[in-house]
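Next up: the structures, one after another.
Shared between the two complexes below is chain A, which pairs with chain B and chain C, respectively.
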Partner chain A sequence: MNTLAALVQIAGVALAPLLPGSIQALKARLQGRRGPSAVQPYRTLRRLWHKSAVDPEGTSVIYWIAPPLVAACMLATLAIVPVGGHAGPFGLGHDALVLVGLLALARFALAAAAWDTGNGFSLMAAARELMISVFGEALLVLALLLAALPAHSTDLRAMSVAAASGHIWSAPAHWCGALAFMLVILLETGRQPIDNPDTHLELTMIHEGPLLEYGGRDLAFLQWAAGARHWVMLILGAELFLPHWGGFAASLGLLLAGVTFLCGSLALIETTQAKLRILRVPALLGVGCAIALAGAGMWVGGVGT
Partner chain B sequence: MTAIEHVAPRAWRETVAQALLRGERFGGAWASGREGSLAWRALLTSPQGERVISCQANERQVESIVDLVEAAGWDEREAHDLYDMAFPGHSPLRALAAHPEDPAQWMTPVTGDGVHQVAVGPIHAGVIESGHFRFHVVGERILAVDPRLFYKHRGLERAAEGSNSEQALQYAQRACGACSVSNTLAYAHAVEDALALRPDRELRVNRTVLLELERLYNHLHDIGAICAGVGFAPGSMAFAALKDRAQQVNQRAFGHRFLFGSVCVGRGGFELDASSTDSARGAIRELHADAAAAWRELEFAGSVQARLDGVGVLSHSDAQRLGAVGPAARAAGIREDARGTSPRLAYDGFTPASPTAAAGDVAARLRMRAIELESTCELLEDLLRQPLAPGTTTAGGAAATTLGVGTVESPRGATTCAVELDGARVARLHLRTGSYANWPALAHAAADNLLPDFPLINKSFELCYACVDR
Partner chain C sequence: MGTLDAVALAGAATVALGGLLAAIGGGLRAGLAVQAAGMALLGAGGLAVLTGGDALGAAFRSTIGPALGLDPLSGFFLAVLALTAVPTLVFARDYLPTSPGARAVGALTAAFLLALVGVLAARDVTSFLAFWELMTLLPAAAILVARRDQAVRSAVYAYLAITHLGGAGVWIALLALAHHGALGDPSALAAAGTGAQTVVALAALIGFGTKAGFIPLHAWLPRAHPVAPAHLSALMSGMMIKVALYGLIRVEFQWIGATPRWLGLALLAIGLLSSLGGVLWALVQHELKRLLAYHSIENVGIIALGLGASLLFADAGQRTWAAIAFAAALLHVANHAIFKALLFLGAGTLERAVGGLDLDHLGGLLRRMPWAGGAFLVGSMAIAGLPPLNGFASEWLVLQSLLHVALHRPLGVALAGAVALAGLAMTAALALLCFAKVVGLVLLGPPRRAECAQAVDPPMGMRAGMVALAAMCIALGLVPGLVVPTLTGLAPGVHGTVLARHAGLVLPGTGSFPSLALGLALAVLTTALIGVRGKRRAATSPTWVCGQPVARALGWTSAGFTKPLRLVLEALLRPHRAIEVERDGGMVQSITYTGHVPSLLDAALYEPAVRAGLRAAAVARRLQSGNVRTYAAYLLGLVIGLLVLAHTGALG
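== the complex of A and B ==
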């Protein structure tokens, strides 16, 4: 089973770009446009891969090391996150806090690269990203904590197994965790109402900003990393907070259903919600933190368990 | 018909000051003439009518009136760059049309702890006209913004000089695509004003239809643009589709989506038979209902409405001081609309609308357009009841003069054209569009807002760059 899980995890490297692609395609249909097909990210990656990288004047090693570093971080998270409660022996462990650290490292690498180029828009967006991540990372940790409490462990495999039983759904803490994690997904995947992946308005960019100076293979790395971020977040959401029971095969099937459901939800949210005013974002994430803390309190207090 | 009152250079400021005291409004200023005998003229408007005052610019100098009328700021800056004029008293006289390298020569100086600049444009990430914005920000908050336009200055006004009045119309038309009717109509009115020609009823109706068709597709576009500004795709898609339907009406009836070539000097440029007006009227009636439905959807989209209130506020007094016009001014509570005072057009009994809460913010400007869309559709449905004859003009009894002024309400506000004739030739053409009047107001409204809200504020004014660049 672990070998099979490892194969699915490896397939994730290739399948990850399909997630943002299908969200975009679905969103286009919901908005009454034809839009690009779901495999558009692959075409973009192929095009970028054959182009030479851009080397802005005055940049140092920080600028060119960031894209492979970000991609490597995401590759490692793919190995850490289990599928169907199982994972291959990649030797990185499966600790939830390592995942938080890897995501933070990727974020830091990009922010440092934005600083290195000195591009106004990149810097501005990186500053926003860091400002929001102060709240976002707290929310991520709290949401993971809520999933770790029933498992008595921060091992993602144990957390997945603990969330598999039907009786977890009678615990309000689990619902609180699910809600908080949905906000984390919106934030980490850079989607509305927090960020707008389709924007052409430089002044409003958050996730897109630090990517502005990159081209060619560097940009391909970063685009793939964005896809991998979708993959990791949606898998994690489905593994830890959506129902999955039965054997490994059933879990994998439900995982697929869960990820599809989350993709549909993201497309729907992005279609029906305008972007938030930027200074409201911390407040939204703060509300998420409060909900998560309330959930933790209820779990510790034994409400519904 | 518009008489020029010549004023001694010494009395220039005094004349303007007294006019303002009497309640007259500044409507634009332009330089006229060649080397040696350059004149500086200003248009003053009041409910009773318009007059032009002029003074000789000895040694290319005229005393500045910018301390009396802030709205004259851009006119003086432009004349300094394009006519090499000096305006003692206007200090610092910052560059507008010229693009000096030294930032101190065109930017508002802003200094302080933690203040930094953000430069945007002239090349943007989207399909936007060429303009550069220099923001001075602290964190995400805008302290000041300097727009730098004139990247596509084509010298249309100069190019038009020496051509006959029909040729010069082509120059006015090419100033801007989305305002082609407003600009050409203001020009045609100006020439007819100079030649003392009066339009008959048919021509007035004919031109009113054109002007309202232009407003229809522009307002639909502008509402969609605000939706795009907050990332609300269903709204921007719905209004983009409605705008295209409005432009298809233009295409079917006039053979041009932007209504080019439909305005002529002294006569109507087209006629529409009963079947054409019927089909246009039917299409507009459907459009009217669909636009109202799309607007209702927008009113109930909470996430959109949450973005609009209190953003990009242009107060009533600032709008007045900076000479704002059009929907932007009406949204700030200034009930002025050139349509209400247009004897040359068929706006009988028109009263300017204004939103109940004229807060002057993005929400008010958006609502203003929705209100105007309503009256525009009603007016079009009314005027297209009968076939449109081309119409003509008749000599109005008064003697022809060399100067004429025409003002029409463009989708972005009052657009004024001044024409000076030398026999059959155009000696000077000056176009001051609604966008030109509103740019300083936009820059003012953006201050003290968040930088990521600027695209939204910009779109709520939705000013043309080409109209300004000319």
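== the complex of A and C ==
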């Protein structure tokens, strides 16, 4: 089973760009447009792969190394996150908090690259992203705490198995965690109401901003990393918070259903919600933190368990 | 006398000899080298005691006669002291000779190091307190020798005033412990009742907490640490505040007997306040050394979180996790000592190279100073808690400890653990924001001042000191698991092994952090992807500013990068800003902008305290009539009063 899980994880490297692509396609349908097809990200990657890169004047090794480093971080997270409660023997452990560290490393690399170019728009976006991540990281660890409570462990495989034991679905704490993690997904995948993936107006960008100076294969790495971030977050959301049961095959099937459901939810949220003012985003994430803390209190206090 | 005793004594003697040598004209560089050799000997002795597990010299005693000795806990702190002091002294060999008052500072460095060693080796109250006071006074003397301007004097005055007022707590705690015969004997104070226990616990928390820089007792730290010469800043921020934590651990973990639960919760609260407060005010600093000093507050906060979690686990009878949380705090002690020493040495190097540390006037130094800049980058990433460097390893351990507090405990404590967990995550993200800013403004981008364009790498000794510390950051980040099992053995009440030895961190109840594998994986994957990217066909172009020419004056500043956060936390930070526009006949001639974020606690706590103190002094001055007969009357009154008290038996 672990070998099969490893194959799914490796397939994730290729499948990841499909997620943002299908969300965009679905969203276009919901909005009554035809829109680009779900495989558009692959076409973009192919196009970028054949283009030459750009080196802004005065940049150093940081600008040069950031795209491969960000992609390497995302590859490592793909190896850590289990599918269907199992994961391949990649030797990188399966700890939830290590995941937080890897995401932070990727964020730092991009912010440093933005400083290296000195581009005002990149730095504006990097400053915003790091500011929001202050609240986002608190929310992320609290959501992970809620998933770790029933498992008594931060091993993602154990957390996934614990979420499969039916009685947990009646615990309010679990759904508090699910709500908190949904906000994390919105944040990490850069979707409305926190960020707008469709905009290419420099003044409003958050996640896209630090990518502004990159071109060619560098940009291809970063675009893939954005897809991989969707993959990791949606898989985690489905594994830790959505109902799944049965054997490994059933779990994988339910995982697919869960990820599809989450893609649909993201498309729906993006269709119905406007983007928040950036300075309001911390309040939204703060509400998420309060819900998560309330959930932790209910779990320890034995409400509904 | 065993070999180890001889090694330790020889080390101390060598350091003293190095100090004398440094004071002689022309012997400064040799003296610092001798000091480094002595510290290396002492560190080897400490390491041997730590790994051997046997105590050296005298045991703790509550009597007055001076006694020295080492046990594994002292050995650990001594080893960390040596690990940071040796590279720092190597750095100082090339840094110090061109500083003002170099010989005196060189000699005082040796004295300061011996005072630090003395606190760690003291085995009775009198020598502990004597070395403790020396440890406070000697860096103040060194700063006053090296810097003579008025601002520095007032900073040193604030340092001495606050640490001595707070330091009274250390005296109260230790004298009370000695009074009950409780030094090294946890059962003695337990017999004295909870009242005495509470007094000692609180006094130690205030006394050692002041010296460690816990908020709200921190006000001296961001004033005093930045004004010292670079190598002393490194030792003060790296080790002096850690020695205060050593004292705190001795009292709260070993000597007061069964630790009350409130103490664990208090340490969590203090840790949360210090880590969040320290990093928040670090973020809004625009001078590098001041920023680093605030980060020291953040990091002692993280250590306090680990210690608090350990006490809460011990209270719940969970010995394994108590030991792990304790080891997490100790690992962070070592890690912070290393990367903070590195960063302060880096700041000193940069100051030499470009003549100032205003963040907005640096830039582009990674390309021009690859060795110093590279080491500084490693230190920045380590303090920001990024894998696979050492800061992440200890922060991961503290995060896991807090998460497990929230998993296992009764409701109130579990919620405290959850809040502390979220707070530490925020702290880590804020530190990331702060050091993204520092790295960007100092090392990357265009040089923002002419001197930066001409900067070159420092001489070999300074380079070697920094690179050695950076190598330690990487090594401890890759194999923290080799150290942690030894550290769990230092936790009170631990017998036998708690954790098996791996390269990475394998703990029960976690998904484990195989640090070595992860570091290698990141390196291999990044290299492979660089290979996949192939030979770059890159067009050089100016930075994109909507097609306008690039104007350096429009570049981002320290204040600009933290603006979103300042806006979000406006209610808390209360930033001041003023824009003055000078017009002449409708034309704008010049615009000046000033902005700063005041220290909230200075305004809310220290200024009223200082005002009240001055008012009290004015009242007390009335006692000073200048008349000899009045003073004789005071003396007579005092004697009579004491006699009455003695007669009634109030003096015992």
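Here is the rule we go by: the second predicted complex is superposed on the first by the 305 of 305 C-alpha atoms of A that agree within 3 Å, B and C clash if a C-alpha of one lies under 4 Å from a C-alpha of the other, contacts with A are read in each partner's own complex, and residues count from 1 in each chain.
Here, a contact is a pair of C-beta atoms (placed from the backbone, for glycine too) under 8 Å apart; a residue touches a chain by one contact, two chains touch by 3 or more.
For clarity, every value in this text was computed on a predicted model and none was experimentally measured.
Look at A:Val54: by the touch rule set out above, it reaches chain C but stays clear of chain B. Contacts of A:Gly136 after superposition: chain C is touched, whereas chain B is not reached.
Of the two partner chains, both chain B and chain C are touched by A:Gly120. Within the superposed three-chain model, A:Gly93 lies in touch with chain C and out of touch with chain B [touch as defined at top].
Within the superposed three-chain model, A:Glu213 lies in touch with chain C and out of touch with chain B [touch as defined at top]. Applying the stated contact rule after C-alpha superposition, one finds that A:Ile278 touches each of chain B and chain C.
Shared-chain residue A:Arg33: touches chain B; no touch with chain C. The partner that reaches more residues of chain A, of the two candidates chain B and chain C, is C.
In the three-chain superposition model, chain A touches both chain B and chain C at residues 120-121, 128, 202, 278-279. Those residues of chain A whose C-beta lies close enough to touch chain B in the complex are 27, 31-33, 120-121, 124, 128, 192-193, 196, 198-204, 270-279. Those residues of chain B whose C-beta lies close enough to touch chain A in the complex are 118-120, 124-126, 140, 227, 229-234, 237-238, 241, 301, 303-304, 306-307, 450-455. Taken together, the chain C residues at the contact with chain A in this complex read 364, 366-367, 381, 384-387, 392, 396, 399-400, 403, 406-411, 414-415, 418-419, 421-423, 425-426, 428-430, 432-433, 435-436, 439-441, 443-446, 504, 509-514, 517-518, 521-522, 525-526, 529-530, 533-534, 536-546, 550, 554-556, 560-565, 567-568. If you check the complex, the residues on chain A that touch chain C are 52-58, 60-62, 65, 67-69, 71-73, 75-76, 79-80, 90-98, 100-102, 104-105, 107-108, 111-112, 114-121, 123, 126-128, 130-131, 133-142, 145, 148-149, 152-158, 202, 212-213, 216-218, 221, 278-279, 282, 289, 293, 296-297, 300-301.
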